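Please see the structure below; I have some questions.
Chain nomenclature is as follows: A, B, C, D, E and F, assigned in order of appearance, with residue numbering initiated at 1 for each chain independently.
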Amino acid sequence: MALFDLTLPELRTYRSTAPAPEGFDGFWERTLDEARAAAKPVELAEVPTPLRGITTYDVTFSGFAGQPVKAWLNVPAGAPGPLPLAIEFIGYGGGRGLPIDWLIWNAAGYAHLVMDTRGQGGNWRGGDTPDRDLDGAGPSAPGFLTRGARSPETHYYRRLFTDAARAVETAAELPGVDTSKLVTTGKSQGGALSIAAAGLLPDRVAAVVAGVPFLCDIRRAVTISDSFPFQEIVQFLRANPEKAARTFATLDHFDVVHLARRIVAPALFSTALMDTVCPPSGVFAAYNELTGPKEIEVYEWDGHDGGRSFFDVKALEFAASVLRL
Amino acid sequence: MALFDLTLPELRTYRSTAPAPEGFDGFWERTLDEARAAAKPVELAEVPTPLRGITTYDVTFSGFAGQPVKAWLNVPAGAPGPLPLAIEFIGYGGGRGLPIDWLIWNAAGYAHLVMDTRGQGGNWRGGDTPDRDLDGAGPSAPGFLTRGARSPETHYYRRLFTDAARAVETAAELPGVDTSKLVTTGKSQGGALSIAAAGLLPDRVAAVVAGVPFLCDIRRAVTISDSFPFQEIVQFLRANPEKAARTFATLDHFDVVHLARRIVAPALFSTALMDTVCPPSGVFAAYNELTGPKEIEVYEWDGHDGGRSFFDVKALEFAASVLRL
Amino acid sequence: MALFDLTLPELRTYRSTAPAPEGFDGFWERTLDEARAAAKPVELAEVPTPLRGITTYDVTFSGFAGQPVKAWLNVPAGAPGPLPLAIEFIGYGGGRGLPIDWLIWNAAGYAHLVMDTRGQGGNWRGGDTPDRDLDGAGPSAPGFLTRGARSPETHYYRRLFTDAARAVETAAELPGVDTSKLVTTGKSQGGALSIAAAGLLPDRVAAVVAGVPFLCDIRRAVTISDSFPFQEIVQFLRANPEKAARTFATLDHFDVVHLARRIVAPALFSTALMDTVCPPSGVFAAYNELTGPKEIEVYEWDGHDGGRSFFDVKALEFAASVLRL
Amino acid sequence: MALFDLTLPELRTYRSTAPAPEGFDGFWERTLDEARAAAKPVELAEVPTPLRGITTYDVTFSGFAGQPVKAWLNVPAGAPGPLPLAIEFIGYGGGRGLPIDWLIWNAAGYAHLVMDTRGQGGNWRGGDTPDRDLDGAGPSAPGFLTRGARSPETHYYRRLFTDAARAVETAAELPGVDTSKLVTTGKSQGGALSIAAAGLLPDRVAAVVAGVPFLCDIRRAVTISDSFPFQEIVQFLRANPEKAARTFATLDHFDVVHLARRIVAPALFSTALMDTVCPPSGVFAAYNELTGPKEIEVYEWDGHDGGRSFFDVKALEFAASVLRL
Amino acid sequence: MALFDLTLPELRTYRSTAPAPEGFDGFWERTLDEARAAAKPVELAEVPTPLRGITTYDVTFSGFAGQPVKAWLNVPAGAPGPLPLAIEFIGYGGGRGLPIDWLIWNAAGYAHLVMDTRGQGGNWRGGDTPDRDLDGAGPSAPGFLTRGARSPETHYYRRLFTDAARAVETAAELPGVDTSKLVTTGKSQGGALSIAAAGLLPDRVAAVVAGVPFLCDIRRAVTISDSFPFQEIVQFLRANPEKAARTFATLDHFDVVHLARRIVAPALFSTALMDTVCPPSGVFAAYNELTGPKEIEVYEWDGHDGGRSFFDVKALEFAASVLRL
Amino acid sequence: MALFDLTLPELRTYRSTAPAPEGFDGFWERTLDEARAAAKPVELAEVPTPLRGITTYDVTFSGFAGQPVKAWLNVPAGAPGPLPLAIEFIGYGGGRGLPIDWLIWNAAGYAHLVMDTRGQGGNWRGGDTPDRDLDGAGPSAPGFLTRGARSPETHYYRRLFTDAARAVETAAELPGVDTSKLVTTGKSQGGALSIAAAGLLPDRVAAVVAGVPFLCDIRRAVTISDSFPFQEIVQFLRANPEKAARTFATLDHFDVVHLARRIVAPALFSTALMDTVCPPSGVFAAYNELTGPKEIEVYEWDGHDGGRSFFDVKALEFAASVLRL
């Protein structure tokens, strides 16, 4: 890959031109209220693994509309609590997989809640949470970006963002967790969810980590990214050109640029200048909305793998510093 | 492409080794009975188009579990009825699109019912019928082959095959149709549905046309086809290897080899020897189960585009001959 | 694909910088006069098809230098004439194929003349008209863009453009045609020919339809399109760099920007913003030369498939409006 | 690439099953007689180059039907004659290019006649000889394999093979050439022409060199090669399936398996086991027909670049040995 | 991918036909003796990381010819020793990266030594150990398979296999390690090294884990794998065809089929039936040489990612069972 | 390909912004002095070939640090000396191959010294010179661009540039060479070496030919080229991001922009506007530093094959003119 987006100096000051949809805050407030009203107590079941240093629980909590959402809770075996908690969201297409897939935050002394992604997990890392789409929202391109795109009410990401916020709220019900030390974290779609959860619940989250986040400045991204998942939108609009305005009006509700604006906790973002999947202009568009303490790691030579474990180390250092561990 | 499957002489005698699932006939009888019990009368609404030689109706009929399914009904304008009816099913991923997309059977003097494909139509030709998956059947690979794969009851193709059979039954409610002259037709997934509908309702269908049909001899196809959609199964099993046996047990219910066996009407199939999407061994596996009058067009040099309008001409000639038009 | 050419606002005012070749009008006047002088009466032979609603004729008319050119004439069976006539030209590489391939205009009540493309039809839809290149014009890149590129006199498109104009003139010899209602139409190369025929015979054509037209603003297109057919020119100039100036001087005679300027009939164009085969700047370069009534459909999310049957519907509506059907 | 064709032991005994067409010898005898009858004396014009060690002539000789064909004649400057002559034929798509492109045989002390390939030279190495196709033989796939495929009389390779034979006969008119020491040579299409010329004129050629020859065992090659040029035949038959039998009947006349059988001079062939363009089974099919002294170089790890200059060295050693230089 | 190698029943009994090179045991005995003679004491330096649950040491031990080789030693913080030790080898191209990249065995209660791969680590996961190639062994294809291929003495894998054996021997010098509980483990190249180390030091290793191992049945693999790294050999032999016999004679010394035969510890292998990088016939060729207790995980639908963390879980369970943890 | 770099008018004035490294001249002076101090007399051994018009010597001369470097010396057989000498350097990845690969300069009357490229020759044209990297400089991306990148002292191109300069100095030891008529020449990497040798030894070289030279304006090239070899740097920095500054500081020593500045002999460069391997902005960056007589051939339609034998002819004409042959 070569560079393809704005230059780094341009990125530093780039702002998205997309206005927040009318009624944006009310839309989310209503959605979360409905989810809370339908919520049941979290369920935890310890599961055996060959990881003798970790205690793993199969978690079921109430997400969108009270629907059950799965997660793994990994806790360092025998650690004296309460512990800080990292709430992790997963990249596009993958589910929660196996407990063994998630060891980094435990190794750094955190409890770790890994939220399954509803409906995802069918084509790379497996998942266990169905996406109950009660309305039968109509044809969409393969994938999730246009699922239910006819309105914000029916869009897939309304349900998933709500799950993410509910995962944060569920922390208070988990044993041995210090709820003053919640970190949201994730990469790509997981980064978008990390931003979304922190933007929806700014009072609950103590630190935000978002690696190469997806769903930023969507209207621009779809004109410069040749890659999937953004190409799902192009596919859908080719098949259904009359739905373009409505589709973008819907997607605006899930552009995390508008949720980044509401974050108050310290935040660490990353972007990669050769990332054609989640273009750097989008990441900076979200980053430049942040008003609290913030840092961004810029990987000049990376694509969407942006930083890999270099960023993991940076994220742990950032979180330790913010949480004063 | 080069040849990659069995040789033509081998194909002529190839039989699938997959046994029909236990309870196969009962499964389908029960499914159809439930659909019929939930059915409402068909609705037709004339829609204006610039096609002055054709009268078009937007059709809504009751499919699986009584759920509404859309279709186009194109009738030669001013033609004296009753007319023979071609019931067309659509290739993978596409919806019913626009009435102008479907002119061939009208030009040959048929009424033409084009069934929309539930949930499809989001990435090439648009569709209008949602797939109501009330159970939230869990993660699947992008696409439809593994949607609801945990059991035959929940699998997507249970719903779609039922829609197809119901489309045939709906013919009796359409104005000006000669129900003794129903032809099921389609290519690829549409060919599979044409076989399925005729196998589910052997008494109703007068002629069967299936071009390069999909969903034939699935267990073999998935080991020799490098292409999508069969690769969806591979994707799903990579992410969920523990589900392999259950997934294939489910898919067996939708392998049209077992439904071809029940067809009694004259049938025309086609296959292409360089078709890596729907391998010729699968097509012959289904064809070699047919016990009634039958013909197969073998396109030696084609891929999955197998025959294109050469086959359309052949299909019209075949149908005219069977129906004695 | 992502956007790659000018932005839509820039396209709206973009003008080609290529001047019309000296002697351009005389070149074409002389060419058409020679073709007319060599012309023989059109021949029609009815051909049987399974399309009972359409009467099909195998047409042979006199094209460039009086050479025989094939066409299909499809007429709605039993329609009272005289009928408006759509004269269709075909996309690059394809021939007239089968009568069943051409049903749209009949379904809308038109007689439909589909001109075969000399020499084309060997690699996707079959053709029946040889390209008699009497001079043996020398090596060219595979394809037609550089065939006979040593001079405008010997270039392939001189012959093909002349065939197209002669197809329009032939309409007067066809039975049951209302020659005041001739529409030229086509996509890609067919769109270029639609423009060319209307520009060569501005008094004969009542409406012009050109979908994603090829051969527009060639000198620019060849520097921004990575795709074939424009890459044929790059191939040829790599092998024969000393011929660059002469080749472009020749191609200027077939850049439809210069023929669009002569059109007086109402015209409908289309372009797609992700079309790398016929870049949108070229289409607008031609469109912006039109001085008569005009419309352009811009498909923001399409590639070279620009609009597909959405555009077909639009074209029928446009033609019906212009012809007051 | 991995191995894809027969194993080496199988190749050693592989025979083509294609019978020679009826009237094969007469077809070629008549064709050559007509060419000879129309022939004019060769023309030579010295051309300046920066190659001070070589004298270069631009040659025009009479090929098929007496049509002019270009060649380069490179002679070591100041060498005392008469010299042995290498007659070189060129790979698919290329023309004679520049005199500087052809230095190997001169460096070994030969005069070197490089025949231009009619009609080729438009997409990689330039050419100067038009292909005069007086009959306008109809649409063909881009390229030359199906040009004029409706009959052996009109096929492109009838003209090109005749040019090659005439190039050999022309040697007698060239100054300073020892006509008892003529070597035909070439790679790929050039190898096929080397075989063809030697098979058509077995009495004139003293040694035959054919590297990875094309046009061998065509009916099999087209079913196992995914690559162009053989895929041209597949393209053509997809567009024109009704022409399959006639096309292969025509191509049989240009399958060099049937001409290899007539060679009496010592011959050196090469093949590469990973060559998907000219599969090794074809090369051995031709090689195994040779009845005179013969050698074959088998490059186990090469694709169609088979041996490169390793084979050039081998070819020079072989020729020196046969010609007792 | 589709299946491309032998069927599973064939694989179960497949044996490599490659004989062990003459003097094979002596070659390795001499090589190891020289390395031991040149060895210096291991060096450990604790390094800070944000992983509070793990103590990490930067290890430098003596590998081939006493050259320094880097490793990470990760030990569960505060765990009472002595601990079992997993010795991990890395896949092709990667270096030891960061300590955070290696958490699985720690989480299961092991000390974990991750050996850096000399010379690798320049194109995906970084490394820190140079490959000192004192002889300047001559040109090779990019990569390591043909580096020093002129003789077993100079080949890269002689050095790397020796490093791997020395890593096992170094375990005795590490603090808090139970040397009766050494597990060698790795995937792909790491799997080959796991086999090699255990075959070179059969008395030292208590359990062997080899996921989708590389370097098995090399002579066959290179004819059926289209992928790198085996294609490096093809590249090299194309450039240097005269070196084929010598190259394979060299590579035989590093075909782990011959080292698997010497293993006595219980072993767990894995293979994937769609793995074109390390074909399953090679893996079974090695597996079928094992004479001790053994298991093989066969992933039917995977490529070279064979099993991913499903296999990690299996490996931990296997090791716990063998070591009676 | 389409155009992707600056426009031609912009290129004409483009200057690199990279400053020459501090101590640049001293670095090279010291390096060359050390090489000279370690040099031994050149060795020549005549080798037999089938090229009767050329006498070939296998040459061994002293390169970097006195290490032996191979070359071919081809001399027109029996030519009266002293002759001008062309010193040729080879493109990336290839070695000196066979004497038959190098005939152009001989044919024009030159003696021709073809320097082998240390370590290269393992994946396309074979080589015979090892790269003795005595320091074991650490992991690098496959290839040579990052080999030894930790400092200018250890970088591969320090050794190779020195070899090139030493090849020029070796000319004085070759029999029958007119040392006042030395031409350095090459393409791609060979072009870079041609510039480097002439810049290092400005007094020795009479004419410089550099076709599509590599290693120009490296810092920019790596951000606009999607192709290898420049992508090696991207690979390396992805794996080792902390080494970016040091790596570029090292590479600056081998950016031939800084050596072009020192050339005084007449120079001929070429570039191709669609060359994504060695972007035209880099070539002009070097060309625009030249202060002596200079010419540049711009191939508008070529990629990295830039000009092919058209450029060879131009190069011979240029050299003949400069040397007054």
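Note that in this section a contact is a pair of C-beta atoms (placed from the backbone, for glycine too) under 8 Å apart; a residue touches a chain by one contact, two chains touch by 3 or more.
Computed from a predicted structure; not experimentally measured.
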Partner chains shared by chain C and chain E (touch criterion as defined above): A, B, D, F
Fewest hops from chain C to chain D - one hop per pair of touching chains: 1
Comparison of B-D and A-B by number of C-beta pairs in contact, larger one: A-B
Interface sides of chain C and chain F: same vs different residues, half threshold: different
Rotational angle, Cα trace of chain B fitted to chain F, multiple of 5°: 180
Repeat of the C-D interface, chosen from A-B, B-D or C-F (over half of contact pairs identical by residue number): A-B
Inter-chain centre distance, chain E versus chain F - centres from mean C-alpha coordinates, in Å: 39
Centre-of-Cα separation between chain C and chain A, whole angstrom: 51
Geometric centre distance via CA averages, chain E-chain A, whole Å: 37
For chain F, residues that touch 2 or more chains besides their own: 238, 310
Chains that touch, pairwise: A-B, A-C, A-E, A-F, B-C, B-D, B-E, C-D, C-F, D-E, D-F, E-F
Chain B to chain D touching residues, read off their complex: 1-3, 274, 299-302, 305, 307, 310
Of chain A, residues touching chain E in the complex: 49-54, 76, 97-98, 100-101, 103-104, 106-109, 309-310, 312-313, 316-317, 320, 325
Residue ranges of chain B touching chain E (in the complex, touch as defined): 223-226, 234, 237-238, 241, 244
Complex contacts: residues of chain B adjacent to chain A: 67, 93, 95, 119-143, 146, 232, 235-236, 238-240
